[in-house]
Structures are given as C-alpha cells and as structure tokens.
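Written out below as structure tokens is the structure these notes cover.
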Amino acid sequence: MLHEKIIFAGFGGQGVISAGKLLAIAAMKEGKEVSHIPSYGAEMRGGTANCAVVIADDPIASAIVHKPTICIVLNEPSLDKFEPLIQEGGVLIYNSSKINRKPVRTDITVYEVPCNDISESNGSIRAANMAAIGALLKVKPKLASLESMNTALYEGISERNHKHNPINIKVIEEGYKFIN
Amino acid sequence: MSNEEIVYKKSPSMMERETHYCPGCTHGVVHKLIAESLDELGVEDAIVVAPVGCAVLIYDYMKLDGVEAAHGRAPAVATGIKRVLSDKIVISYQGDGDLLAIGLGETIHAANRGENITVIFVNNAIYGMTGGQMAPTTMPGQKTTTSQSGRMADDVGLPIRACELINTLEKPVYIERVSCHNGANILKAKKAIKKALLNQKEGKGYSFVEVLATCPTNWGLTPKKAYDWLEDTMIPYYPLGNFRDQEV
Amino acid sequence: MSDKILMKGNEAAAEAAIIAGCRYYFGYPITPQNEIPEYMSKRLPEVGGTFIQAESETAAINMVFGASSTGARSMTSSSSPGISLKQEGISYLAAAQLPCVVINVSRGGPGLGNIAGSQGDYFQSTRGGGHGDYRTIVLAPYNCQELADLTLEAFDLADEYRMVVLILADGFLGQMSEPVVLPEPSGKKFNKDWAVGIGRKNKVASLILSPEDGLTKHNYVLKEVYDKVETEVRKYEEYMLDDADYLLCAYGSSARICKQAITELRNKGIKVGYFRPITLWPFPYDELLNASKGKKKILTVEMSLGQMVEDVKLAVNGSIPVDFYGIPGGMIPTPEAIIERVESYE
Amino acid sequence: MRGKPVIYTEKCKGCELCIYSCPKDILRMSEDTNKKGVNYSMCIDESQCIACKMCAITCPDNVIEIVKFK
Amino acid sequence: MSDKILMKGNEAAAEAAIIAGCRYYFGYPITPQNEIPEYMSKRLPEVGGTFIQAESETAAINMVFGASSTGARSMTSSSSPGISLKQEGISYLAAAQLPCVVINVSRGGPGLGNIAGSQGDYFQSTRGGGHGDYRTIVLAPYNCQELADLTLEAFDLADEYRMVVLILADGFLGQMSEPVVLPEPSGKKFNKDWAVGIGRKNKVASLILSPEDGLTKHNYVLKEVYDKVETEVRKYEEYMLDDADYLLCAYGSSARICKQAITELRNKGIKVGYFRPITLWPFPYDELLNASKGKKKILTVEMSLGQMVEDVKLAVNGSIPVDFYGIPGGMIPTPEAIIERVESYE
Amino acid sequence: MSNEEIVYKKSPSMMERETHYCPGCTHGVVHKLIAESLDELGVEDAIVVAPVGCAVLIYDYMKLDGVEAAHGRAPAVATGIKRVLSDKIVISYQGDGDLLAIGLGETIHAANRGENITVIFVNNAIYGMTGGQMAPTTMPGQKTTTSQSGRMADDVGLPIRACELINTLEKPVYIERVSCHNGANILKAKKAIKKALLNQKEGKGYSFVEVLATCPTNWGLTPKKAYDWLEDTMIPYYPLGNFRDQEV
Amino acid sequence: MRGKPVIYTEKCKGCELCIYSCPKDILRMSEDTNKKGVNYSMCIDESQCIACKMCAITCPDNVIEIVKFK
Amino acid sequence: MLHEKIIFAGFGGQGVISAGKLLAIAAMKEGKEVSHIPSYGAEMRGGTANCAVVIADDPIASAIVHKPTICIVLNEPSLDKFEPLIQEGGVLIYNSSKINRKPVRTDITVYEVPCNDISESNGSIRAANMAAIGALLKVKPKLASLESMNTALYEGISERNHKHNPINIKVIEEGYKFIN
C-alpha cells in the first residue's frame, strides 16, 4: 500500500511549495489520494520554506507530516532541519549544487542531485525544483509517472507561465535520468 | 589598539538576539532608533506595547518591559499602563493595519485624550505579517494580495494620512512624519523619535511619530528598490515634516 | 441593623470594588449598568484612582489589559452586547494570565434586545464567548448584598489564580436597591512578580508561535490552574433540601423566585428545596450530584430558553430526570409558573 | 585611514542596504555565503573609510560597528 | 477523475461560496484564512460581485448585516480572534433573523496564540460566543471536498431558516490542498419578503423594548426555528460502527486521525468505529445515543482541552462511559496516542 | 374654505405616530428635515440605517425601509446595503456617541472609501439614550453623569470635531456643519441635508452633515435654554458652515 | 389676516419652542393640559399671524400646520 | 405577615423614585426586608416614571411588581396605567390635585389626596410626593413609622438637600393627618 509522506524544503524563492503542488496534482491524476500543505507555522518571516505532500492509496488522515518518508532539500538549512526527522529506511534527495556538507544519516537512502547545475545546463536558473522532482520520480516511480507530471505542469501552473514548461519538462527528465 | 574608538555600535538597549525580520526590513531600523533614543535619554525602564503585526516580538529584541496588545488596541493598552505607571515611559509601536484600520478608534481617542505616551507608527503601506494585503496606507495603484489589480481609489478610497488626521485634534503636543529610507532620513527619524520620548519624559503629553518604512518582501522589491519606491511614491503623498511641536 | 445602607446593586458592586482596592475602572455606558461607571467617575478620583470612559467596550477591556499588566487591580463592566465586544480582550487576558474583574449586568437579547434583566448570557459566560481553550471564574450573585460581597472577593480570586473573574448579574439586580452591609477587605497580599514596570523586564504576551514547545505547553499550564480552581473554588447554596422530593436548581434572580415558590409549595405540602450555584464556573457538579441523591426530579429554572440546564444534566449524568422551566427576553419567572410545574410532577 | 567598519558577517542578512549607503563605495557583497546561506557585506578597502557611520546607521540588523582611529 | 482539482481548503470554500451565488464578501486579513479574502478580491469582481476589505472584523460582520438585510447572499470569514470580534454582530444577525455565512478557519488560542489549526473554538461556535438566547447552525467539514460542499449548502440553510451558518474549519483544513470536485448549486429559491429595498417598507431590527409583548415573544419565535432546525438538520457520519466495541467521537481534522487509528486498531484486532458529527449545532444527540448502544465506551478526540466532549456526555446521558483525549494549542493528535488510549480499555 | 391653503404640514414621508422623544428634543426636527428633503427629491424608497441612541426607532417614524445597526456600526451596515442596492438612497443617521466614540473607525473608513451614502450626524454633546454620560463632543466643563464636575480637558481631552476630522480625507464630496436651534438655522440645516441627499441621488459620493442638536433632558435645561446653550457654548467650538462641496 | 397656525394640541408635548419662534409673539402655553397632561401651545391672536411658518418649522413634533389665506 | 408591593407613579419631576426610596429606607430602619427598583423598561423617554417598593417580613423574591397591593399615583396617565393592575382588596392613593377623573375600581380601597395642594399650602411646590407618603403611612402604618421616615429623610437625601427636610416633614405630617 502506497503511503509516502514527503517534505520539500528550501529557500523562499526555490519553488518548493509549487514543486510539492505539482507532484500532488500528478499523483491525483493517477487516482491517488493526495494532500499538500505549506508550512505556515512558527517561522513567520525569512528562514526556510517547506511543504508536506502525502500520496497514498487510502484516505489521508493528516496532511501534517512530522516524520517524512521522503525529503527533498534544496538548501543547507533545510538539510540541517529535516535530515534528523526522516523515518528510518526513508529517502533523502539533496541539492548538491547548493549544499556543501554531506548528509550524516546512514539508515536512510541518500541521493545527491546537483539540481541547480542540472537546471542551469538546460537553460534555466529557476528550475532546480524540477530537477529534484525528476530525481524523485525515478527513485519512487509509484508516486506518479513522468506523463502525469507533464499534465500537472499544464494544469497546475497558470497559463502565462506555460511558456516555461518545455524547459521544466526537460529539466525533470534530466533529473530523472540523473538517478541510475 | 588604543588609538581605536568605537563610534557606532549596537545600542545597549538592544538584545543580542537576531530579529525575525526579512532582509532589509526597516522595522529593525526603527527598533534601533528607539533603543538609541532611550539610551541617550537615560531611560532604562520603558515599557513597550507591541502591536499585532510583524513587530509583535519587539519586546524580544529590546531590554525593556513588554506588553503585547491585541490587534489595534495598543493605544488602549498603553493608556491602561500609563494611567497606573505615570512615571514610566510607555511606547505604543504600531503598523499601519494596526493603527489605522482595526485600531483607528483607539488611535484617535488616545491622541484626543492627550495620553502622555509616545506612539511610533511604522507605515509600510501594507499588511506585512499576514502576507501583503492592502492597508489603509496602501498607495493608489499598488498591488497587494487583496488589491491584485492595484488599489482602486474609486472603490476603496485613497490612503489615509495619519499625521494630518491626528493634527485635527487639540491635545497632541508633537506630530511628525519622517522616513527611514536612507541614512540621512534615518538620522532625522532618530531626532523625531527622541524628541517624542523626551516629551513624554517631561510630562508634556501625547507625541506621534509616523515613520515611512519599507516591506521589501510584500512589495516584491529588493530592499534598495523598496527605498526608491518609498521615496518616489510614498513621500509625495505623505509629505515629511513636523505637523505640530508645542514649543515651536 | 445600623450599618445597613439601601444601595442599588450597581452602586454596591462599584463601592465593593473600591473597598477591594480597585483603583482603575475603564468602561463604556450601557443600560442597565450605567450606575457603575457613573459611580466610579465620581468615587475613584476621591480615592486617588482613575476612571476613564473608554471610546468603546473593546477599548475598555484593553485598557484593563494594560492596567492589569502592571499588577494594579482594575475592572470593567458592561451589559450583554458590550460584553460580546469584550470577548477577544477577555481571551487575551486569559491567555496572558492577567487578573481582572468584569461585571456583566446582563439584559434581554440577542441583538439590541431590551434593557430588562435576563440570564441569556450563561453560555457566553461559562463557555468562553471568546476563542480558544480558556476559562474565567464566573460568580452569580442573587441579591445586592451578595453582589457586593462577590465583587470584593472577585478581586482576590483574580489575583490568586491570575484569572479573569466575571460577575454575572442581571438588569434587575443592577437596578434594584436593597439593604447592604458593605464588606470588609480581606487584606490578602498577592505576589505580582510577573507584572511590568517592577524592574524585571517582564513580558506580558500571548503569542506563542510554535505549537509543540510553546502554545500546547502553555495550554497545559492554564489547564493546571483551571483544575486547581475547580477543586478550590466552588460556591453554592442549598436551601431546604434535606427532606425534599424535588430539587429546584437556579442561580441569580431566578433563584429568588424559586425561594418564594418553595415556601408556597411547602405550604401546600410539597417538599421542595433548591440548589443554587454561586460559581457558575467552576460549576459545582459533584455537589449538585450529591444534593440530587434521593430526589425524584430536578427542575432547572432560568431566565432564558435553557442554558445552565446543560450543566445540571452534566452534573447528574442521567441519574435523575432533569426538567426545565425558563422564560427569555427580560421577563422574570413567576412563582406560580414554577409551582404549577412542580405540582404537575405529583 | 580615518576608520573602518567592523562587520559581523554571520549576522548579515544580505539586504545590501549598507552597500548603497556608503559614500566611498567601499562595501560589496561577498561571493561566499554565511551559515544562514546568504552573501554578506564586506569592506573592500578599509583605507578609504571615513568612518561616516552611514553603513551602520542604515543596517537594519545591527551588523556593523564603526571604529574610528584617533 | 478528470473534474477533480487540487485546491487549497480556503480557496475551495471561497469558490463554493461563489457557486452558491454569494456576491458580497466582507472580511479582514488574518492567518490562516487569508486565501479566502484574497481569492474573493480577485474572483468577485469577475462575477459582478463586491469584495470589501473592511477596516476590522467588527466592521466586516456589520457590512454583512447590511448586505444580508437586502436579501443578498453575503459572507465573511476570519480566524479565532477575529471571530471573537464578530460576536456582537452575530448576535444581532441572529436576532434580526438575517441569513449569512461565517467561516472560522480556527487557530490556536486563547489570545494571539498561534496560527496552526485548532478546535479550541467549539464552545464559542456552538454555545454562542455572543450574548442572548440564540443559535447558529455550525457545520464542521473534515476535508477540502466537504469544506466546499458544506459552504455551498450553508447558503441554502442560511436562507431556509434565516439563520447565521458558521463553518468551523481549522488552519490545517484551510491551508491544505486536496482534490476537490466543485459542487453544483442547488438551484433552490427562497422567499425574501422580509428584505429591505423591495418596496415593502420593511424593518430589520432587533430592539424590542417591552419584554412582555415583545422580546419574550420574539425569543419564542426564534426558538421555534431552532426547534425546527434541530429536527431537520442533523448531519453526521458513522464509520465501522456496526461491530465496534468502542466508539470514537470526533469532528473535523481530528476525525481524520481517528479514521487512521481505527484502521490500525482493527489490524490489531480491536473493534473500533467512529461517529463524526458534521453539524455541531444542532448536535446529533439522538443519533449518537443510538450509535453508542451496545458499545463499551466512547472516546472523544479533540484538538482542544475538551469541549465537544460535553455534548457527547449530554447525548449519552450517563448510559455509557465517555472518555476524552485531546491536545490543545495547534497540535494535531497522533494516531498512536489514540491507539494507546483505546488499547488501555482492553 | 376654499381661499385657505395649507402652506406647511407634516411631510408625507413622516408617519402619523408620535415619537418617543422628550419635549423639545431636536431629533424630531432632524427627522422631519430628512422626510421633507426626501419628499422634495421625490425619493420614496430610501433606506435609513438607525443608530443605537435615542434615534434607534427612527424607522418607526418615517415611511421608508429601516435597518437597525449595532451601536456605532451604521456606516458599515449602510455600506453593506449600498453595495447591493446601489440605486437606493441609503442614510446613516447617528448620534455623537455612536458616530465618534464606538463607531469612529466605521465612520472614518466609510468616509474614506467614499461610499455613496449620506451620513446625518446629530451632535447633542451627550449620550442621550443611556441617560446623559459624557460624549466625545461634550463641551469642556459640561457636567454629565460621568463627568460630574464638568469635562476636564486635562484628563479626557477636548471635544472632537467631526467635520474637521473627516475633512482630512480625500473622498468625501460634501461636508457641512449646521445647527437646528431655531427657525433660521433649521432652514439652513434643511438645505444641507437636502443637498447631501441629492449628491447621493446623483451618484456623487459620500456626504456628511453634522447637525448641532439639543438634549434638554440630559442637559437639564428647558428646550429654550438648551437652544441658548447650544448657541453660546457649542457654536463657538463647532463653527457652522460648509467644509467641502465638490462643485464649489 | 394672512394666515393661521393649526395646532394639533393633543400631540403637543409642551416644549414651548414655537412660542419663542413666533415673530409676532402670538403663541402662548395653555392653562389647561391635554390628555398627556401637558400644557399645550395655542394662538392668542390669529389675526396677527403672518403665516411665516416659523412656529411649525421649529416644532420638533409636527404639531403645527400653517394655513395661508389667499 | 407583612408583604406589600407598592408602586409609586407620576411624571418625571414629581419625585416618585425618591419617595419610594425613602419609604424603603424607613422600613429598612425598622428591620424589615425591602427592595426598590425604578422602572427602566420599555419607556425610554418621556411618559411616566415609576418605581416599585416591596416591604415584607420575609426575604423578597422579586423586586419587580406586576400586581401591586398598593399604588400611589401622582398624575393621570399613571392612574390610567396602574389602576387596572392593583390586586383585589388593594389600596390606591391618588393625587386629586392633578388628576381630574375618579378611579373606577370598586374592589379596592381608594384614597383621594390633594397632594400638590397639601404641599403648596405648606410652602413647597415640590413636596407632593411627601404628602402622598404621609397618607400612605397612615393608611398602612405597618410599613414604617413617621419617626423612621424622618430618619430616612436625613439618611437617604444628600446633605445639601437637608434644608428642605423641615418642610418635607411638615408635608408628610399633613398628608398623614389628611387621612382619617
């Protein structure tokens, strides 16, 4: 039974909230139960931004995720904050373009993905979040297919931003391919 | 090195703790002006009334007693405190939503009673804490999350000028509008804040200082561009200067 | 006899507050409690205190917040609609654990309603009309003497538990004059280390952002106080219950009517007594349950459509039947109506 | 050499306001980031500093101290 | 599947209101409900409606009073402290029998508290935080779909009974996005002969001075409506109760956690089900009593120190034991805690 | 007698019913000026928002739709009504406690939004309905039940001037202060009220008329002496006249 | 004889404001009381009335109508 | 057992509220249970003023009086209003100086007292209420003695008005004597 509790975390501008939302939409398209909630708790201003996405076969009890099964962290403060919270046996994908230290947990599977580099080498300075999603879909193919993600990109993003989608799709694919 | 002298440093009234403010947020500037003024006036036991707004934690950043008021009620809370502790300096620190929207009644009435308090009004033309909604001081055309095509004066009116409003009342002794959008203005702002606190110390009565401020985050501008926007857009509508100074 | 003074309920409460050492009053006019601010506006300056007619009830409760945060004894009063406007402030006071006294000389509602006495604010008073998990002590006097006595005591309770104490009176009680012996102050002293302005750089605040290590903990701190109050502060009066078959349960003005109905019913040979909660929160659940043992039925009498009756049911938890008689909208129940209802049980 | 800015870089939030305030234009943002992950302010030529305090006055976060040489 | 949209709870509620024909929204920013006014500020002008960011919550509810007195569908929304400020207005709306919808995306309290979701406003919502004898219908959704559906239905209920309908959501529900199928309008028409501006010289007022022939009568008029609503509008969901030994009772977000706990408890062989009130007022007392027949115990689960638990006790009236598990201050209970508690019954 | 012509009679918009006002109370005068103006403007479907104050029953005395607002909230209620019924004349009728104390926020903000409504402000320098407490407009030295030694400006401030306050805002189109303390002034008051209603009819925007009025009962004066007190005491502090008229 | 005031005495509240408003000083309060128990206004010399309407305009209670003779 | 429910009614200026209060004080001085409540209900402005006084041996349930045992009415509207409410066998004292019509009830005892005339003939235009009290004390001597009433006049009236008390006492006595 699928039941993944995913946290996307990074700086405000890194698009973690929308990455989470797109993933949720993709999974929803495949008939899964999904929820998405941005952190809006203690930290009012500055600091890290993050969101929690739950994707499951059964109805979701709580959208709040205390102990994620999967973490995608795009900057170092987020790594510091969430690495300790990941469930044993869980997955950590981290953005090695922006994070200098190595994760320390050994009871989880860690994927190092140079998200910004992947994004930039495909012509965008803003699609690091897409690279992370691509990697995630490879690591956890049950969450959603690449096709559903493409659909999500068109349904979940406002029309005037569709122009970025070809690059987004490209970056997702590259992120996907990066994992092997 | 004995031939070095520290000519500017963090005011002793400021705590070491870092603020939660966004980079370039001018709340930090106004905080330190208050702290410096208190230090220079030798006031060690001021009581600050915090608003509900981004500055809600001001008491965590300054070495003084702090009371957190409900949204908009800081002048009423300050009145309650000052009527008991008439020898303590009481500061009501408020944002534009707090002071001019929900708390307008308390603002005007505390001013009209001439409470011997100092009101520091941080006008950043937006609701900072709640994520950038329209404030009573939002500029015409300014886009906010609740005026997504820009503030339309036809529908929601024009920005309210606090100093001008309070200036219709008899009892306030000191009313001044300053800005904190660059060093020169910050220095002027400091003077006004210090004067407003001195007035209270001398028992003169109600003093009001409006500080034009920036909210880079919700304005969607860099701190520097926010400076420029303040200067180009706000100052023409909110003229700087003294509106009342009982001694003059 | 000689120290009895004929005093209006509102004035008795105001004078009792002054005896209790309250020197700060903030309020806004509203009938039927106007004699409280009017009395305070005259008396407080005489005793070196401060009276402010606030610009609104909202401002008034927040002035109380300010004064109370210095540790000074302060109060406000109003009537139903005005009390509704104070709910946010009361929640803030409760959250910041500030002691103060709020008097509600309640009137007919909802809305503007009328200015007669009513008990339609029981829910609001005992279940927190404001937001969040908090409680206020609620005291319900039934005559002018008790209104004075409880007002005095309210200040001690407020300081002891650092809570808002609400006096729930009604328009009849506020407007009525009765002989009153003014109470003596208790002389109790309370620690106010938490106050601002005493050189300790204290903070009085209710924002506690993080749920985990902040607000949840604080809620448990509050709960501990409330649990303590629930064991330590329960007031009630029992009247002619020993041999009674039926128990009337009523508070405030309606309890007075019950008293008369009891006399008349007993004259007719029907054995009735009453249980009169004086603290509405904490409600004397156990005591009422005890008192109800062996009775055939409880009749709850209120000047409302039925609010306290829920607490009565919670108290007896199904052990005996609970009936209700009430009249809303500023009417006072007649002894006849109560008698008739009780007679129908026979 | 009239003075110099002492920048507590770990506290810097990277707002760049000091940069624009300096009449001598001797402040720049770092390439590196501090622990917060932001580029911080630094003085590229202390010898030109006139200890005018503008950078410190402008900094909302009390990051800068100004030292004057006697 | 194709018409499911991933929507934030707040936005789903806002869009559902527009589908219901609501064209007048008055509100004031407060987290965690800001997406409602923000959405309305954009969408309402598109559909010919009016959005006003009021100067305060108090002004907002009174603008609703004005709009509603014309018969137009109007609404406001806020979160706990802001809802406290609306209490006087809600009492006035109830008194004047004006229909409208109020959404409370509640947060941790009391006081400023925090901005996480909480169920600490149950008392305020169901017992009238305002003054006087009145009721509001209270609907408690537990996911985004239901938040949308109930918001739509709320407008019909408001018009049908001429009552204020309160949607009690919480911060988690408001902030969360889930797949939502937007509901269809019911198309029902309602008589609004009482409205002003329709050429009948109508009055919308709540001052009824004389108790005898005025307010008391009016209170009985209101009571009649409330009695009608109590028979006609009771919503709840039963889940896995048939063979259950234990009954969990929870609403809103905490019911979701119960659902998960039930699955896990059943995996362990402990038979549990839940009863989820959807209307908090009228509370489904009889239905809960029925559902509880033959069960060993009820565990009420709330994100508070215990508020609905009183209604649960009133429902079963001592017929079976009622236990409580809750966590206040913006925390969400964990399934583990519930499981542990239920296991302790075995 | 066919050579007789009735040249003054009760306005058709007034109900027959007697008011509950005290003898000589000028609320009755203001009511009839509104009724006469509506009649003369041919408006039959105005909606009056009643305040909480002595005039709470205004809708019982005039042939129009009536909505009773909570204390101080009439401008918010009027806003709600007008935003739905933009073609109906909406009048917010308010006393000084209602408009300047508890309802000050609503007053200023409706004015600032420039709602197309007409606000009639009856300033009798006291809380009439509740039995004579101090109002924001109570005169210095004036004795009331909550200022028993006379209003002391040092403690509670000076009376608030509504027209002057509102005149600091941009959107109102018409602001005038009149009095109703004798025939000549009543006629001027009528003109102002009619103008304010006409403005609304023509869609011009927010109009505000402050009418200085008497409360013989709570002033403790005969109606005639109340006239004199108004003239001698109030008018010098509250100067009569037009503050704004967009057409001028 | 230009006109006259028609005073609906039962409605008069006895405030006396009309008395002071009349330029011809022809209004007086009655000795008798109406059903309300108050002395009411009456015209003591209609022949002097100039139909100026001042009394009627001043009356807060709509007690007076003015008739003009053509 | 003494249990009288008394209503004093008249115009605002006729001093009915204070007359009631003085009577209550006098009875209190004699150790009786008393209550006093002004009407503050429906009529906000104008109209009649009245108050209810209850004097009893036993504790008083309600200070509100729906059906008085005694009515003192000083003007005609008050007579109209309260005459029908008096309990069978009750007492009505009416101010014949100001009331032209005669009471119609025959099941109660009616006393006609020219209160204003008595007051005026003793040198005061304001003591009609005192004349009524005098009459009442004669009719219902158990309520309070003349001596207690004298004490009440000094305790219940603010010091600066004590100067009127000699006349008040005189008028009370004359009212008392008027009944025989």
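For reference, chains read A, B, C, D, E, F, G and H in written order, and residue numbers begin at 1 within each chain.
Criterion: a contact is a pair of C-beta atoms (placed from the backbone, for glycine too) under 8 Å apart; a residue touches a chain by one contact, two chains touch by 3 or more.
None of the values given here were measured: they were computed from a predicted structure.
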(message) Can you give me the shortest step count from chain C to chain G, moving only between touching chains?
(response) 2
(message) With contacts counted as defined, which of the two, B-E or E-F, has more C-beta pairs across the interface?
(response) E-F
(request) Can you check how far apart chain F and chain G are, centre to centre, with Cα atoms defining each centre and the answer in Å? (result) 26
(message) Centroid of chain D to centroid of chain F, CA atoms only: how many Å?
(response) 60
(message) Report the inter-centroid distance (CA atoms only) between chain A and chain B in whole Å.
(response) 40
(message) Centroid from C-alpha atoms only, then distance chain A to chain C, rounded to Å. What do you get?
(response) 55
(message) Where in chain G do residues touch two or more of the other chains?
(response) 13
(message) Show the residues in chain B shared as contacts by 2 or more other chains, in ascending order.
(response) 21-23, 25, 52, 56, 68, 70, 101-102, 104-105, 108-109, 113, 129, 136, 156
(message) Using the touch definition from the top, which residues of chain A touch two or more other chains?
(response) 41-42, 44, 46
(message) Using the touch definition from the top, list the residues of chain E that touch chain B in their complex.
(response) 28-31, 34, 37-38, 41-42, 51-53, 55-57, 81, 111-112
(request) Over in the complex, which chain B residues touch chain C? Could you list them? (result) 45, 47, 49-50, 52, 56-57, 59-60, 63-70, 73, 76-85, 88, 105-106, 108-109, 113
(message) For the complex, give me every residue of chain E touching chain C.
(response) 58, 80-81, 83-85, 87-88, 91-92, 94-96, 106, 108-116, 118, 120-121, 123-124, 127-134, 205-212, 214-220, 222-223, 304-305, 307, 310, 313-314, 316-319, 327-331
(request) State the interface residues of chain H toward chain C in the complex, per the touch definition above. (result) 21, 24-25, 28-29, 31, 33-38, 40-42, 58-64, 66, 156
(request) Quick one: which bits of chain B touch chain D in the complex? Just the residue numbers, please. (result) 3-11, 14, 18-19, 21-29, 32, 182-183, 186-187, 216, 222-224, 227
